[in-house]
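For reference, the structure is listed below as structure tokens.
So that you can tell them apart, the chains are marked A, B, C and D in the order they are listed, and the count of residues begins at 1 in each.
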């Protein structure tokens, strides 16, 4: 047990662009939904953990613009850079430490406002990789080819992930409006970072996600009867140079999963968990992340999909919300996965509910070719 | 022969397009179209905020009551800046010296940091009355308030 | 819904990053001697390329400096087709290659027709005439024909 | 203190802070501090469960630099996260690391704050404020402080000479600190007031430098701390307050400084401090400009409103005074922004470890640490030789 529970969840709709909303207005929408969901007022929130990245927002100290809407005026706030799920794990630790009874976690990003691939070139080391032009797109292209060469599943298998997730996204009221994509459409879309095509990459989206964590005692005193426990949490970081890493293995994800499962008392996730929400910024990554999450052996991610295990209605649906391919922005994606996992456990995942969910896995990642991973197990 | 130590240069030169959102849109349209400076009042603590924004930070209450403020105000703080730092929006050093102040516009509770038309320290003091000098023609962005003029008796 | 008000903005700032002593020696070797250097971890004995002062895994200092390559084998590659401000005009192929004698892969540009690339393909560096002590002193790696 | 378990600083390490480090990359700078902290704690990388980094990435034009620099903090393969909250990044990183150990999730956490300001344009980075509102006038820390100081001088009667005395104390203290960036043992008030005016009334010699530097500290849970460290520096309090997003929102910022006041009130209550000037043996506070230290004296309850000038003139906060403030030379002498908050925390801890060398305050057992960021973000930590 991590010693923290989720008592409130709030997400904006995820859209290709939100030109009518400034970032504080967008985040306020998610904050108000989370407070309403938790049935508490902002005065009940003891502390705030924000997640944002200055260069994505195009400004310094990018969390200062949301200070008022996340209720951090004259309150403790810490900004964890990177991914919203990582911010949630840190928030859970501050609750478990006994420092705060309730913590509001808020992640935001508007990918539509900046040049997100160009910005990601500034997230790789400036000496040996940035000058060559490496960014999150080309890093994924290198990983996709290495994965295919090592394990076999290629464009045809990846395209079916896009088909599955964009179809699932249609059932989610929060996903961007847009058609489901057939595998054929994916394989006909223009090549952007060979072997990855345009529809193999998650669409750039705008959105915000807010969760409210609490200690079990505080949740009880607040009269919350729908608290979902964070049963386990883990995160880990791989070396930075792509050439130092085995891009087909997922050492950091495996380490993060082991820690989270050990805490949650899970031996075999495939049998003991009923839904997974993972952060697949690219189609092939859902297969690779399933392997890293221990749902199957190395290289067997594609077979899970072919055998119908990870499809809606399958033995272990992955990304019934549509995941990142369905529309979920940088920074927010990991926290949105946790929000979805909580809704699944509560049985409140409108349009995308998996039957009989007692335990769910949420996964977040950031960095080139999934360099950093966070895993959380939630349960009733 | 000492080991040469190299540096790798990189120039960040990227663009963003920032959505103003409903609050700033109303502010800049009123400024452009009517030369009005609009602030927002918190329904709970009655504090009038500039710039307008979704909620009052102290009360966490949405604000809907728009209040025209200024164009005159009182100088609450001032300085004359001499050090030429690089202005990230132009990529050039900002010309110095320039006078700068915190101006509490009549009707507002918060202050606004902006340029002053005065760079002689001897002629600046707290409490001076100042007035916004608007750009003509106005274009609907923060450049529409060019600077504040010190009102000399 | 009226046309939303959106402000264009740009950030223009020059940066200058210290490569540090180890990377400087690596870059100088490219510039002055057209040699590619790795360093060996004193603990796990891996030859790390590009050369660096310590091994991330063992967190031990590296010791010997070892020339690697210049030839190597292609491990993975991607051809970027999008026009991006930090890249030459597309298509641009980036690759990971294992230089002879190295225990890690070097990231670099790959020249030639990307359709003919395959795993294990033998490559050699194509040096620029005017070199400035940068990884780009190697224009790209080209297939050995 | 109501934390689930006790946490202590058992090791610290920092680089020789300076204007420009050409011999190391950001990653290697982090490693330099991390190695020294691990050596001080007599630990190996394998003894560290998790890493917290602190850095204001965009000042050096980076995004997610923790993904590259984690290797410098022995973070490859480990849990790593970065805290970035302006000037308080270091103290907020220190608080984050302590809370992670207190949570029980980790028994040992390595916190490393770092900044290589020679690689970027700090003032330009700071001026990247709200693009709609004040980015075209934003004038970074120097401009913002100059504005607030004109209010502070008017309301509290602080003089330029008193402020200059703060700078003199800082740079003289720094002369006894081998890690400080600016060491000026013979600095005089006259020299400070004769130095060029950056933005009235701030003179060059009373404003913090931009520095390249890193600072690391090792946290351990109680049982590990007792086993490994003869005099653990126990974390007895930690408090943070943030405030409105615009400088103009903050009513007479230096005069009121409500965030520091409220954070100190909470921290003092956690640690049972009622008379700060008497009870604290040493303080490491975050003063980017001379006048700020005077304002902090009042907000921290060292004296009543308007008495800060007397405190500095009477030498109450000098090395031989009742409460030595910033034996390290403070931010005025050393400011690698992401590291500065960790430096404050580490300098307080090494005083309690008895490792202050020439800047050791004899018998120090209770230390106050503050962090300051952006317009008015405040952190307060209290470290003690007594676990409480």
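As a working rule, a contact is a pair of C-beta atoms (placed from the backbone, for glycine too) under 8 Å apart; a residue touches a chain by one contact, two chains touch by 3 or more.
Fair warning: this is a prediction, and the values are worked out from it, not measured in the lab.
Engineer: Report the pair of chains linked by the most C-beta pairs in contact.
Structural biologist: A-D
Engineer: Taking mean CA positions as centres, which chain lies farthest from chain D?
Structural biologist: Chain centre farthest from chain D's centre: C.
Engineer: Taking the mean of the C-alpha atoms as each chain's centre, how many Å separate chain B from chain C?
Structural biologist: 45
Engineer: Distance between chain C and chain D based on Cα centroids, please, to the nearest Å.
Structural biologist: Spacing between the chain centres: roughly 38 Å.
Engineer: Centroid from C-alpha atoms only, then distance chain A to chain D, rounded to Å. What do you get?
Structural biologist: 33
Engineer: Which parts of chain D, given as residue numbers and ranges, touch two or more other chains?
Structural biologist: In chain D, residues 22-23, 25, 27, 61, 71, 76-77, 119, 121, 124-125, 127-128, 131-132, 135, 243-245 touch at least two other chains, as defined above.
Engineer: If you look at chain B, which of its residues touch at least two other chains?
Structural biologist: 5, 7-8, 10, 12, 14-20, 24, 53, 57, 86, 88-89, 141 - these are the residues of chain B that touch more than one other chain.
Engineer: Name the residues of chain A that each touch 2 or more other chains.
Structural biologist: Residue numbers touching two or more other chains: 19-20, 22, 58, 67-68, 73-74, 115, 118-119, 122, 126-127, 130-131, 239-240.
Engineer: Would you tell me which residues of chain C are touching chain B in their complex?
Structural biologist: Those residues of chain C that touch chain B are 4-21, 23-25, 27-28, 85, 133-134.
Engineer: Can you name the residues of chain A that touch chain C in the complex?
Structural biologist: Residues of chain A touching chain C: 19-20, 58, 115, 117-118, 121, 126-135, 137-138, 141-146, 149, 190-196, 239-244, 247.
Engineer: Provide the residue numbers of chain B that touch chain A in the complex, in ascending order.
Structural biologist: Contacts found on chain B: 8, 10, 12, 14-24, 53-58, 60.
Engineer: Taking the complex as given, what residues does chain D use to touch chain A?
Structural biologist: 2-4, 25, 27, 56-59, 61-64, 66-68, 70-71, 75-86, 92, 95-96, 99-100, 102-105, 125-132, 135, 238-245, 258-259, 262, 373-374
Engineer: Give every residue of chain C touching chain A within the complex, in rising order.
Structural biologist: That would be residues 1, 4, 6, 9, 11, 15, 17, 19-20, 23, 48-50, 56-57, 75-82, 84-88, 92, 94-96, 104-109, 114, 119, 134-136 of chain C.
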